[in-house]
Amino acid sequence: MSVHTQYNRNKENIGRLLVKCQDKPGIVAALSTFLYENEANILESSQFSSEEEDGMFYIRFEYYLDDLLMKRQQLENAFSKIAEKFEMEYTFTYAIKKKRSAIFVSKEIHCLQELLWEWQSGDLDTDIAVVVSNHEDGRALVESLGIPFYYIPANKDIREEVEQKQVALMREYEIDVLILARYMQILTPNFVEHFPNKIINIHHSFLPAFIGARPYERAYNRGVKLIGATSHYVTNDLDEGPIIEQDTERVDHRNNVPTLKKIGQQVERRVLARAVKWHLEDRVIVKDNRTIVFH
Amino acid sequence: MSVHTQYNRNKENIGRLLVKCQDKPGIVAALSTFLYENEANILESSQFSSEEEDGMFYIRFEYYLDDLLMKRQQLENAFSKIAEKFEMEYTFTYAIKKKRSAIFVSKEIHCLQELLWEWQSGDLDTDIAVVVSNHEDGRALVESLGIPFYYIPANKDIREEVEQKQVALMREYEIDVLILARYMQILTPNFVEHFPNKIINIHHSFLPAFIGARPYERAYNRGVKLIGATSHYVTNDLDEGPIIEQDTERVDHRNNVPTLKKIGQQVERRVLARAVKWHLEDRVIVKDNRTIVFH
Amino acid sequence: MSVHTQYNRNKENIGRLLVKCQDKPGIVAALSTFLYENEANILESSQFSSEEEDGMFYIRFEYYLDDLLMKRQQLENAFSKIAEKFEMEYTFTYAIKKKRSAIFVSKEIHCLQELLWEWQSGDLDTDIAVVVSNHEDGRALVESLGIPFYYIPANKDIREEVEQKQVALMREYEIDVLILARYMQILTPNFVEHFPNKIINIHHSFLPAFIGARPYERAYNRGVKLIGATSHYVTNDLDEGPIIEQDTERVDHRNNVPTLKKIGQQVERRVLARAVKWHLEDRVIVKDNRTIVFH
Amino acid sequence: MSVHTQYNRNKENIGRLLVKCQDKPGIVAALSTFLYENEANILESSQFSSEEEDGMFYIRFEYYLDDLLMKRQQLENAFSKIAEKFEMEYTFTYAIKKKRSAIFVSKEIHCLQELLWEWQSGDLDTDIAVVVSNHEDGRALVESLGIPFYYIPANKDIREEVEQKQVALMREYEIDVLILARYMQILTPNFVEHFPNKIINIHHSFLPAFIGARPYERAYNRGVKLIGATSHYVTNDLDEGPIIEQDTERVDHRNNVPTLKKIGQQVERRVLARAVKWHLEDRVIVKDNRTIVFH
């Protein structure tokens, strides 16, 4: 996995521009000339064109511009002309404006632990604004770090009421990204549509194998020789959303369900942490049900 | 993957004993005392007990015994008493008696090539007696090694007739193991029941994901971040037989179906070669729909 | 990596027997008959013979015996005859008697965190008796878990004095195993000889590459495409002791020294955790400068 | 490993441009505008700047331009002005002009086999013009594919004479890249300087571990838990040239030197094949003793 290099620069002056449009001659020239003329220095750029399929073009720039925050509005205004010409969809984001995240968790807190750890060591560039759980297991850890912890009991009979509380909380805390770190409740379409491509889940199998409940039991019964985990954006089709990252680990006949779970937890935590990191750094673009990840 | 060490010993005197029975105190003592008293020196032993599930005990011995071929009958006779006492299922095999194999292949011959290559370099301890194909692509390669190549055109309309020919051929060549090295025809239950746990297939996906046809296309459409391959024994449930080996390789958004296939072929060939090797060395025990692999 | 299965058994009645001797016919028979006659039921057994090199035989048994703690002395006494006959070196250990460990750490606490985490989740079967550091960074974490933390400043000028304090501490806490979780001080031969094959170190490179100081800087300069970590027993030859476990991770030209370190820390923590786990479960046998690991 | 996607385009019209210069604002804009104005459509672009170290900028373009071969000279001429302004080092290459390669091999031909195989299946975009060996082992295979095979016995006493013959042969066959596929002879500085960054070697260890002779024996003696292979450009420092690719595979105490070799051969062949493929596609840039690989 690659980790990138711009550590020393003044974060206030770092911006990102993501662009998606129909592929045409001259796009890179137009974009890079725009950045140059606006005195933005390109730190990193990645592009992809899906020419054989639908002819779409995708690019991500990370750039450095002195006094970026002052010039920001002017830059975005100037860009709108290029965007119009090429019919681009685009997003400007600013490194200084950290995304605000909420973590949802149930009884098993290993993924929560990993995220908090990576966050403490500076690898996850986010404000963890709130943790929500239908169990109390994570409270001590979360509160010890000064993060608010909300215990909201949940089950399918009170789903609507629970989700109303959760949506209200997400609004109160102005959440940009919602991380399901082994939150073992199904979310309704109504909830999901509040956060399109903003809910990241970790599923404890190598999707599309073992969609749904109890994947380790089913992996055991099928006698697989590798187990896996998958991090994906949540859509209304259970475990069918765009995949951000996957990984596997070798197992053998000596493993039973509890030991598969132990091994799987290691995979889950690293897969989720990578996916969240890439999302926070605006490295993931969703294209239908697939992702382009510029890591 | 481990490769084992007995290279120098006189192969004529190497035997293997596989045993399966209800777990009880004294089994290892009885078996190892039996081997000791019959002057068989244990070269390698591996055991497994599935105590929490069904209390079964599995063991594989590889041993060295001077004049094994002369003493073989006597050894097997003597063993029958122990086997009776513990109600054991068991198999004696002899390293000198190579299994005879048939390879079935269609248009894509990369798995065939890998098997022939490993066989030439001494890693697959088998007599490759015959290659059968519904295409002519492999003929030159196969015949250049002095192996008979049978072209038997196949499609679903003439399946019965084709399988009759194939079964006859397997009998004629006294085949012990039948390797489907990307043979793209479905075998009927009638064919399969002639060769229980003796047909090894390579499926070009990480089962149980993408069972059936066109797995690379479906992997592409699902946007997976790893692709895999699975080698398994063939049963009458398509792609549902006991898994012997699996592996995966990382891919990304830049891959299209042709490049997924290229990467996948590398995985297929190493997964199949390992599974065949382990089968030939009597390292695989089938337990319901799972395998115990003593590699 | 395999994790094994005996979770439910009464731990009081689980014992382990490790044996090393010249390979001869009849050893397995003698050992398994001994266990059987003493009513010990074998849960797991692994063996290895280095026949081609020096003809040594190694075996590890994990067994279950009702009232083991009461029968323990009698069992060991009875064994001494077999041991004498075959000139065996051997060790009896008892699952109920957890090894007592000390963790040494400096400024970077990621390996300490991983060990504490695995220990809390029940994966490291040890009493962590004390943590020693030449920095204060780990204190809050360690004390929050009720483990004594000793700050002992260290540098090469006061090495002798520091080591005297440390040895005294190890005695006071009756330490069985000493884990160097990125302790960045060199230990003297005098210190090391107090703890033969009982000090486990993590070195932040794929040994024997980059022995000594600043391995990530040197890996960067050499332009390697993978970085690694190595856990080994400490001997008086710096970074030359018997290797227990190693692993690697892919890097590329975009990585600089700080990002190599970040990636490397993930490798270090999992490599050390595995090595410590295997040591605690008596799965590691040292053979000259190599290890046999029955995992 | 990623394999890229442009399969269907008319190869005649595909070109590549590699550029290296001091990083300055406006480079990407200048280059992409140049390509756009010359009607070259960018298929793939990858860039890297080593800002923290020496402020160098590297970029690789793959582009499509109708009638490229006719416009080629004009394009290169036009570019010279930009190159001058930014003080660029640069290379134009053309997909239609395959590199001509020579393979050097000794007794062990597994790497040769892998290269020939990948070449036959269209994955190595080269003309294999000649194979040179100090043994006869590869002759039958090589000649069966219509490739000239030269047997040139070699040893250190006749090195100079041998190398003269080899250099003459390389000239006769107009060789662009020289692949040492386990050629077990040391090349003199005199030979090497004829082919700067054009000789690709496979070393059978994870460099810088086990530089020099007999790496598997030394890996065995050191008791490593992974073995590796390294492909690198040859310089006059033995096994010290810029690394293109490395990989490792897990081994354990059961492996002896012959089985380490078997496992290692699998690693060697895939590592060399990747490195050669990337070199042939102009994906590798040498920067001091390191490589930038745009795969």
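Per-chain residue numbering starts at 1, and chain names A, B, C and D are given in the order in which the chains are listed.
Here, a contact is a pair of C-beta atoms (placed from the backbone, for glycine too) under 8 Å apart; a residue touches a chain by one contact, two chains touch by 3 or more.
Please read these numbers as outputs of a predicted model, since none were measured by experiment.
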Let me check something: if the centre of a chain is the mean of its CA atoms, which chain is farthest from subunit D?
C
Contact-richer chain pair [A-B vs A-D]:
A-B
Roughly how far is subunit A from subunit D, centre to centre by C-alpha average, rounded to an integer in Å?
37
Centroid from C-alpha atoms only, then distance subunit A to subunit B, rounded to Å. What do you get?
42
For subunit B, residues contacting two or more additional chains:
5, 52, 252, 254, 256
Contacts from subunit B onto subunit C in the complex sit at residues 5, 8, 25-26, 28-29, 32-33, 35-37, 39, 41-43, 45, 47, 49, 51-52
Residues of subunit D touching subunit B in the complex
1-5, 7, 110, 113, 117, 121, 123, 144, 249-252, 254-256, 258-259, 262-263, 266, 270
In their shared complex, at which residues does subunit C touch subunit D?
48, 52-53, 206-210, 221-226, 228, 242-248, 252-254, 256, 287, 289-293
